[in-house]
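There are structures below to look over.
In what comes next, subunit A is part of two complexes: it sits with subunit B in the first one and with subunit C in the second one.
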Partner chain A sequence: MIKFRSLLISLVLLMPFASHAALTVEIVGGAAQQIPIAIVPFAQPANQPSLGQQDSIATIVGADLRRSGLFRVLETRAAANQPHQLDEVKYQEWAALQAQALTIGNIESLPGNRLKVSFQLLDVLKQSSLGGLEYNITPAQLRNTAHRIADFIYQKLTGEMGVFATRIAYVTKTGTRYSLQVADADGYNPQTVVASGEPIISPTWSPDGTKLAYVSFEKKKPVIFVQSLVSGQRYVLANFKGNNSAPSWSPDGKRLAIVLTHSSNSQIFTINADGTGLQPLTHTSAIDTEPVWSPDAKWIYFTSDRGGSPQIYRISSAGGDAQRITFEGVYNVSPRISPDGKSLAYIRQEQGKFRVTIQDLASGQVQILSDSAKDESPSFAPNGRLIIYATSINGKGALAAVSADGRVKQRLSETGGDVREPAWSPAAN
Partner chain B sequence: MIRAHENPLALRAGALSILVHIVLVAILLLSFNWKAVQPANVAQVELWDSLPTLQPVIEPTPLPPEPPKPEPVIKEEPKPEPPPEPKAEIEIKKKPPVEVKPKIEKPKPEEKPKPDPAVKAKEEEKKRQDQLKKLQQMLAEEDKNMQHEQQKKDAQASTQEHAAQSAAAAKGEVDKYIGLVSSKIRPYVNKQLCGSGKPELTYEISLLPTGEISGSPKLIKGSGITACDDAVDRAIRQANPLPKPSAEILGQVRDLILKFRPNDDN
Partner chain C sequence: MNKRILVSLLLAISLAACSSKPIKDTAPAVEDKSPSTSQTAPDTSKNDSASTSGMTDTQPAINPLKDPNNILSKRSIYFDYDKDEVKPEYRALVEAHAKYLAAHPDAKVFLQGNTDERGTREYNLSLGQRRAVAVKKVLNVLGVADKQIETVSFGEEKAKTNCSDDACWKDDRRVDIAYENE
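For the complex of A and B:
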């Protein structure tokens, strides 16, 4: 009895505590795919700076975020109130529109034909600011500024680097004319770097984003040039006997790996960025080509037919024996290493179709990413999330992109031109 | 056995009633197995609440023949009373969701019997009072004691009852509510921001009676991916207000641990 009573008493005494034990709710999976964000058109001075037809900072930012596939950009005209300052924001209105994030901003005129662009990214649900920036720019920098704002938002909300303010180099062919161009990552502002009546191929960015190396046939044979995007000046990097092709910058920008045929078959060499210090890297009777440096500079991945069919191998950048990397399939070419060094993208030919493929370097797991048939020249975005590549649409070269997990595919070039050889620039500084 | 007709002496009656009370208390503390005998319980829960009102009604009926009933009733009484204790245990145990189910069923039957015995005992006493006015004082005292006990019991009973009800209704209703909460939040969870691994993260929230989240979700265990933690935080906030919990289960769902496994499929 006593025992029982004491038990009873202790139970009664414990009741208040026991009653506060929290229940556990398990929430497995998630159905949302995109972050709902509202971008209020920025307040502008009366003499509205021109960004092109009907474009504004808000629409450029919105288009960038939408294109990433990770954002749903909400229509802001539905909101009664269009805030431009923090104290004008009525969070409930935006919460009612299901917005999780809200961007407000201003453009102001400064003396000397300059502009001050400022913005804030707000968390609608927490009713707090996630940060903001202010830019002092020329009107010509408005579009780039919009991309940088999109990068800021993207980074804040996804935790990954944004790549909207980056650029893409590519080669167009119009008639018999080849043109190496550089455009914003959204395809705007194309600038011609060099044009020629002969083919231009294999553009590749220097790690600092200020130079392009490329192969031009203007001398009736492939010669490697390096050209500054700042000054437009260029120089010949490699014009040895035979073919000079497939340049790739080392991560520190001091050397390039190139492919020469001056002794016999295609072999890989390294050379200083000023064209001196040529050194052979591979010594085989097979074809070794398409070298690319790993981000840690330890390895050079390349394509070789030394095993009988084209496969991807790697060799220490200091030389030595090569290791085979791809084993599935009979034709794997054009290796590219992801910025984090963990994945290898390449082109696999299977049943007559050439498709972008990605391989996890640690596990060897392979996934075919694209579903087209004539894909070539994969190139990672600097954040590794997207891979841009050239494909063929109606017999013409076109650019497309696929997310590194294969979930999102998109075509990038809508113009009727013939576009090939894309190369994504490094991250903007 | 004790019959008013026999004209027993006041002392005898008084002694008996005292004895009965002692027995009642003893049984209360001792007996747990009695429940087996007890009949259907459903209506009895109501009696508990209405005990006070029942007494007045009963008093008017001075009929002598009825006395015999008291004894059987008394015996039964013990059975019902024990339940209060079990209830306490049960309730406590119920709070931890897992154990609840089996225990819950037992409590109900036990509780229900209580009302009857108590009421009956009171009836007996009242009858005796009528017949034996001499005993009034003693009885009055006893009544007071009884009332005290009853009040205490009532108090316990009401809390116990709540618990018992929640326990009863609860298990099912709490489970249902948990399901509602999960399905309200899940559509807002953006797993695209949670990497390619199998992150797990835990938030804790407190609810207002309206189902609104009180204050901010509290991150108990992060996924290691800030964007993922933030995305889940936004999902919880966007799901606010959560479904309104019924009053019966509010106490149990006021604090909720939300465990997320965004990249697992279910």
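For the complex of A and C:
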């Protein structure tokens, strides 16, 4: 049903991004071993004055890499030469600055107000190229291109997928106004997906990154909507008697696990992405909620208090008996499975403190990752390295991220009101 | 055990009603109670003396649901921490609403569960629902059918923020009774 259509969303999403951040990311820890990298400012065409109003590509790439906690970005002005071509590079000079890697690049004007962006990543010690790419873009795509360059560098030097060109969905509350937003992973370029005078919770990305499912209270009860980020159009996925909440997409994007109550306690169902084909999955008189699919689609992990306290269980996505997964503690909720399917992140409450916890599914080993007290809604980055979550800083809702090994921590603060319910997008195409 | 069978039976019935319908039918199915809107108000005054007999209301012209002197204007049931038991002190209140619903078969109530802000949003949504269901069960025992009741939850979404003690949190652990179209 397209009866409820958000205003101007497609327009907003298609607008060239303004170069401002809603969320400011601050690093509060780093890896023990950081890769020293120098990024020479890219050569720019003189006839593109608008480029001067934006952050330079080198600045954005450097900020991305620094924020990951895995890189030390070196000051390049100390070098006598500022190379832009391979034959201009004097490797000894960069070795003297202790750079292990060096990035050089160019921006050139093309006809029709387009730009050609090219770069090379160089191994300073081996004095050889690790590769490079070339992009034909509009000026509005410069920030995204910088994030893709950072992804390339990150992947080449760490062996892991970069996630700088991904996005984050979150909900802000300013006064009595709720807004579901989508921003770049560095907090820039925030877009309003839907705004309401009633709460919005539990946004979750479709596996192809083109849609969000979320729970809105605008009908004075929780109802699940699915909204296209391309067209802005949305439809009601589930509005049954009672509550409709906790949507989670199957890995193929064809079905969702949802929670319905009808006239009883929360129970888990699955439903086609078009709202047809509802089927019950759990059959208890207890609370069964917060379903999430494993990446191989075989399991649905969920929270249940069937054993007396809320713990995490899993059930075959085809139904059957549930198996308990968490055993330590008296309050383990909000399960999320890492993209490789090997780790389970969740929220544990101990002595009144709610903290992000990670559990190795094979060994059962548990590590508490955060040191705050009001953590909620963990969400894995698509490379599994970082977990973004909601927390409270100085009595205000804020976002934070922690690496899956607990070493790197980031705080994402919003200038306006509360920010909560983060959800990291799938990998960029 | 009987309860479980009853619940699954109810689920099966409601599923049978829902599962065959495409999504377009969903919203109207929920919203089509609007005809009762127009009936509620006249109904109220017409049946007022019947529905409120034995209660403190002495002025039949006043909507008993809005009359501050009528127990029906009291709408909140408070719960102990981590509990969903309806305490005896709310018995009279729930009984009054059960009588009103029996006398007004077209009336429908929303039982809106709430929790304090501690804990995670979706789990608190389920905890608020459990409290709403607890009140519903008392109404069921008093003879009110499920078709006159919808249990919903706001979880912690309407809770006060930045509480630091139970004097503050206890106000949020409640079920509110709201009549349709109020």
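Structural remarks
Methods note: the second predicted complex is superposed on the first by the 386 of 429 C-alpha atoms of A that agree within 3 Å, B and C clash if a C-alpha of one lies under 4 Å from a C-alpha of the other, contacts with A are read in each partner's own complex, and residues count from 1 in each chain.
The rule is short, and it goes like this: contacts are C-beta pairs under 8 Å (C-beta built on N, C-alpha and C of every residue); 3 or more make two chains touch, one makes a residue touch a chain.
Because the structure is predicted, anything quoted here is derived from the model rather than measured.
In the superposition on chain A, A:V333 contacts subunit C only, with no contact to subunit B. Shared-chain residue A:T289: touches subunit C; no touch with subunit B.
When the shared chain is aligned, subunit B comes close enough to touch A:E160, but subunit C does not.
Once the two complexes are laid over each other on the shared chain, residue contacts for A:I35 go to subunit B alone; subunit C is not touched. In the superposition on chain A, A:L180 makes contact with neither subunit B nor subunit C. Looking at the shared chain after the overlay, A:F217 reaches subunit C, while subunit B stays out of its contact range. Of the two partner chains, subunit C is the only one touched by A:A238; subunit B is not.
When subunit A is checked against subunit B and against subunit C, the one touching more of its residues turns out to be C.
Once the two complexes are overlaid on the shared chain, A:I388 sits clear of subunit B and of subunit C alike. In the superposed model, A:L70 makes contact with subunit B only, not with subunit C. Across the two superposed structures, the residue set of subunit A contacted by subunit B and also by subunit C is 1. Residues of subunit B touching subunit A in their complex: 29-30, 85, 88-89, 91-92, 95-97, 174, 178, 181-182, 185-194, 196, 204, 216, 225-228, 230-231, 233-235, 237-238, 251-253, 255-266. Taken together, the subunit A residues at the contact with subunit C in this complex read 1, 3, 199, 201-202, 217, 219-222, 235-243, 245-246, 259, 261-267, 274-280, 283, 285, 287, 289-290, 303, 310, 331, 333-334, 347, 349, 352, 354, 376-377, 395, 420-421.
Note for the complex: subunit A touches subunit B at residues 1, 4-5, 7-8, 11-12, 14-15, 18-35, 70, 95, 98, 100, 123, 125-126, 157-160, 405. Considering their complex, residues 3-4, 7-8, 10-11, 14-15, 18-19, 22-24, 26-27, 29-30, 110, 118-123, 125-127, 129-130, 133, 136, 146, 149-154, 157, 161-162 of subunit C touch subunit A.
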